[in-house]
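There are structures below to look over.
Both complexes below contain chain A, partnered by chain B and then by chain C.
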Partner chain A sequence: MELHETSYKLKSPSLVGRNALMAGIIGSLLSIVGFFLNSPQFFHAYLVAYTFWLTLVLGALFFVMLQHLVGAVWSIVLRRIAESIMSAVPLMAALFIPVLIGMHDLYHWSHADAVAVDHVLKAKSAYLNTTFFIIRSVVYFAVWFLLSRALYRASVQQDSRFDHIRLAKMKRISAAGMILFALTTTFAAFDWLMSLDPHWYSTIFGVYVFSGGLLSSIVAITLICVFMRRRGVLSKEITHEHYHDLGKLTFAFMVFWAYVAFSQYLLIWYANIPEETIWYHARWIGSWKAISLLLVFGHFVVPFFIMITRPAKRNLAMMTTMALWLLFMHWVDHYWLVMPTLHQEGAALSWIDVATMLAISGLCVWFIWRRLSANAIVPVSDPRLAESMEFTNV
Partner chain B sequence: MVTTSGNPVGIVAEFDSPASLLHAAESLRDAGYRRFDCHSPFPIHGMDRAMGLRRSPLGWIVGMCALFGASGGLLLQWWTSAVDYPFVISGKPFFSYQAFVPVTFGLGVLLGAVAAVIGMLALSRLPMLHHPVFHSDRFARFSDEGFFVSIESSDKRFDSTETRSLIESVGGRNIETIAD
Partner chain C sequence: MNSANPTSGHLDPEPLIAGNQTFRSVTERVCSIVEAKTPPIWFIAIGLAGSLAILLFGLIGYLVWEGIGIWGVNIPVGWGWAIVNFVFWVGIGHAGTLISAILFLFRQRWRTSINRFAEAMTLFAVICALIFPSIHVGRIWAAYWMFPVPNQMSMWPNFRSPLLWDVFAVSTYFTVSALFWYVGLIPDLATLRDRAKTKLRKIVFGLLSLGWRGGNRQWKHYELAYLLLAGLSTPLVLSVHSVVSTDFAVSILPGWHTTIFPPYFVAGAIFSGFAMVMTLGIIARRIFRLEDFITVKHLDKMSKIMLVTGMMVGYAYACEFFIAWYSGNIYEQFTFMNRAFGPYAWAYWIMVTCNVVVPQLFWFRKVRSSILALFAMSILVNIGMWFERFVIVASSLSRDFLPSSWDYYSPTIYDVGIFVGSFGLFLTLFLLFIRFLPMIAMSEVKGVLPQANPHYHQPAGTHGGSR
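== the complex of A and B ==
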């Protein structure tokens, strides 16, 4: 892996893309076997892996819009990496098809006979019905696709010639995009994850799903930077100061995740209404209790004390370890959101969980890496780029 | 104007530009001076390093105080709800830690924030209502257009002639002795 000195393009594409594609294909084949052997397990495992990656990709979209809106300079050198991650939206849309195929295995409310005898589901059927579900899904992907494509294209076009008008346009897109993003991610989380238990509801649920996604996209950016740094790419441009700032964001959104998770839990615990507490009760049965506690300590308490100091955030080995750990925790989080509807007695890890994760991870990494190699890996013509590389934390 | 009344407590010197002030700070740092300060109308990039300032211990003070506030908050609620006046609320246990989190968190943030403000003032030795450098009329320009260095005579390395020549050698002008 090498970088062209003036164009900042990856000269010799490494084996990352090819290996990832291989992993994706092997994972897909295994997943298909899993589908024929145990289709409910397959669809639930698929949804875990799918929402893991979807939230990560959407987190990157949020990251790009946020940096445009606040006019951040430090992150410009990282922007193309985040843009490459967010440009995987079309792939995510294609990968959504199996979820639609598995609708009847995943969503109880999609069975007309079940709705007919259930008063609550009947009352909700104006919203929770197959047709409207598909229409909404199309709208979400349309919004995400248009936003990510507009921002990616404007940014790449700027590489050949910088234009202030285009920069202003990206800021305007981000401003409107932020509002659309908040609405679409909230409702997508309601539709695809919360409606797994159609009797249960929580208004903050969308924010919870978003917070984990943003956190994992920040650690994914960190991991891509570290990966390239080890191969001598952008090792001078992306300095410890950037890792320190990524560390601060990781820390901040890890705390934000815990804050939102607890906000949801506290109100339900306090009110103690059975139709609300049932969701947490399902996650306290058998080994689910251990997974719940693993999330509390592994996704928040322990990383909080590890990452709170400044030296920890400037230590690359520490940051890499924490990034990998938090990505794993993000997967556990989504496993914990989805699987209790299938395995009610306790967590039961299956090889299909691994196969679907391998399939989607392979395809996503391949797609993102292809985008990363297609253009300069930093916004080369941005006049603030030099400033972004040289900044230091006080 | 050279102030002559009272005991000399240090000297101030003027510099032409941020760059020369930065250079002067580096020279003083390398010569082993500790009790000196740089004054400019705006923050100068890299000045902390040039002056050889160590990292502020404020973060640790804030962290410890936040931890103290949080544990104090939890202890307070445990004592009032479970020990001193046990009272059943919504059929929940006396020590319902879930319900205690907001106050625990709030007191942690409160004490941390208060410690940040007071600690910052204390470490900067503020409020300081007067300092002898203000005897110098010229020095007042530091908040407008001047770049100054002040060195206190309590510094171990301070020597009225040697320090003066060091300042001159790095471009200091209008050197004044400050008296209290």
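== the complex of A and C ==
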């Protein structure tokens, strides 16, 4: 794997794409077997893997918009990587189809007979009904698709010739995009994850799902950088200063995730209203307790003490380990959000969980890698690129 | 970093400080405010502000004498303006900490022009805030019960109570903010000491500047200390108002108990704090002719932060409303309908107008560069944020689960007097600050001048030196 000297495109883009696609196909085949053997398990496992990747992709979209809005210079050399991740939105839309197929297995409120005897669900049926659910999902994907495509296109077009107007345009898209992003992500989190338990509600839930997604997109960017660096690509352009900054953001958003998670937990625990505590109760039964504690320590306490130091953020081996660990924790987080509705007596890992994760991860990595190889790997014509490569942490 | 790069064409950021300043002119400009003869307008201002502060203390005296019966609080609204004012003032402080800590970590160098007086504002706002919990039961001789001190009655505060968490959160906040502010002041105090013409000034600034010599080693330690304090202050930006929000959110009262409260309160605090920084900044730059330091660019950036935080607040309002409906819980639903269309609807719509509708004007560059518009909007935002707390407190309490105990809460003249008086105290402290201490961080502003860049070349044909 190396870079073309003038176009900054990946030459002979290694076997990543092909291997990922193979993994995706094998995973898909296994998942199909899983579907026939145990369809409720399949659909729940699928939703875990799917929301894991979707939040990651949306996190990257947020990252790109944020960098545009604040006029960040240090991150310009990383921007194309984030843009490649966010451009997986069409794939995510296609991969949403199995969720729609599995609606009846996933969402209790989609059963008319269950709603008919449940006055709370009846009261919500203006919102929680199949038709409106599908309409909303289409709207979310339309918004994300239009945003990510507009930003990706403008950025790639800029590679051939820099244009101030285009830069300003990306800023404008990001400004409006932030509002659309906040609304769509929140309601998508309500629809696809919170309504798994249709009686339960929490106003911070959208922020919670977003915070985990943003964190995982930052560690994903770190991993891609390290992966390419090992193969000699962008090893001089992306310096330890960039890793240091990525480390700071990883640390900050890990703490932010913990802050949001704790806010939700504390308030529900303290008020002790049965309608609300039931959700945490379900995550405290049997082996779910262990998973809950794993999240507390694995997603926050231990990484907090490891990542707080300056040397840890500048040590690539440590950063890689932590990035992989936090991605795993992101999966645990989504497993913890989804699975207690299916396995109420305790966590029960199944091979289908692994198969669906393999399927979606393979397809996503393949797709993202394709986008990464399709164009220059850094925004080559951005006049601030040199500055971005030279910056140092004071 | 946005250091000047000759290749970046008109992306080249405009200088942060206008008027082609030199190191010397910065010192002259800022120190002259403190060293010159006191302008008459200052006396008029402090006369007014001081009178209001006296009003505050007088009314507190009356409150202690007579008891909280002089306020409008009663069953069911047992928490009235006192808690509203407390939350309002704590919130105001948050912009100072955000500017000095978080913007520092984000390498936002434009913060140097506004951080000093924003931090001072933080301290004074927290002082105003702390008055209210201390007086709100009318028995200030028992105020020490808030602290977990051993006493002969073997009474301990309830450690599970957010009101106790407030004591820790706000006192930590005050301590760290004061330290941070003071550490930042040291080099500037030394400058004042070196320029002092009278014995008294020499002694006072000499003591305050802790023997600062500006040596390389001192700067090295100083900068590390500054970075560490910024790191320590950053969690405080989120934690303090999160804890304040739990005063309400841990309860089971509809409209108070909602999980988004902590981040929603933090966003609101930064929103209102920036509005106050803008109000005071606009007045100060005008009176002391600091337009070169607090430029329109600074106001523009502050407007953008207010736009963002204002929309976060709007997001929280919308989220609460939606979830109240979505919950299927009739009490939740009633509370929000009651807010928007009940007896406090007027307050609710003032809140929505000032906090959500008005900030939308910040989208327009024309508005962001019009001093007059910004001034008006910053005041409207502060009005809106005060009303937000009022709506939360009054509407939820006045109509809870039992309709037979519903009531309408109105403040008395003493409620109003104490609130207005707290502004007097705040402004008095602020006026004293701008009279005796440098309101712009000279040493930091010098650091962002082009001359501070090691690669700086003096443009041909110009000479350094003062303007």
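Here is the rule we use: the second predicted complex is superposed on the first by the 394 of 394 C-alpha atoms of A that agree within 3 Å, B and C clash if a C-alpha of one lies under 4 Å from a C-alpha of the other, contacts with A are read in each partner's own complex, and residues count from 1 in each chain.
The definition used in the following text is that a residue touches a chain if its C-beta (ideal position, glycine included) is under 8 Å from a C-beta of that chain, and two chains touch if they have at least 3 such contacts.
Bear in mind that the values here come from a model prediction, so they are computed numbers and not experimental data.
Annotation: superposed three-chain arrangement on chain A; chain B versus chain C shows a clash. Contacts of A:Leu266 after superposition on the shared chain: both chain B and chain C are touched.
Looking at the superposed arrangement, the partner reaching more residues of chain A, out of chain B and chain C, is C.
In the superposition on chain A, A:Leu15 contacts neither chain B nor chain C.
By the touch criterion stated above, A:Trp74 is placed in contact with chain C alone, chain B being left untouched. Once the two complexes are laid over each other on the shared chain, residue contacts for A:Tyr201 go to chain C alone; chain B is not touched.
In the superposed model, A:Arg310 makes contact with chain B only, not with chain C.
Of the two partner chains placed around the shared chain by superposition, neither chain B nor chain C is touched by A:Ile165. Using the contact criterion defined above for the overlaid structures, shared-chain residue A:Thr186 touches chain C, although it does not reach chain B.
In the superposition on chain A, A:Val120 makes contact with chain C only, while chain B stays out of contact range. Overlap of the chain B and chain C interfaces on chain A comprises residues 266, 270, 272, 394. Contact residues of chain A toward chain B in the complex are 262, 265-266, 269-270, 272, 308, 310, 392, 394. Contact residues on chain A toward chain C in their complex (touch as defined above): 70-71, 73-74, 119-121, 123-124, 127, 164, 167, 175, 179, 182-183, 186, 190, 199, 201-207, 248, 255, 259-260, 263-264, 266-268, 270-273, 275, 383-384, 386-387, 391, 394.
Residue ranges of chain C in contact with chain A, taken from their complex: 1-3, 5, 7-11, 105-107, 160, 235, 238, 242, 246, 249-252, 257-263, 311, 315-316, 319-320, 323, 326-329, 363.
Residues 45-46, 48, 55, 59, 63, 90-92, 98-99, 101-102 of chain B touch chain A in their complex.
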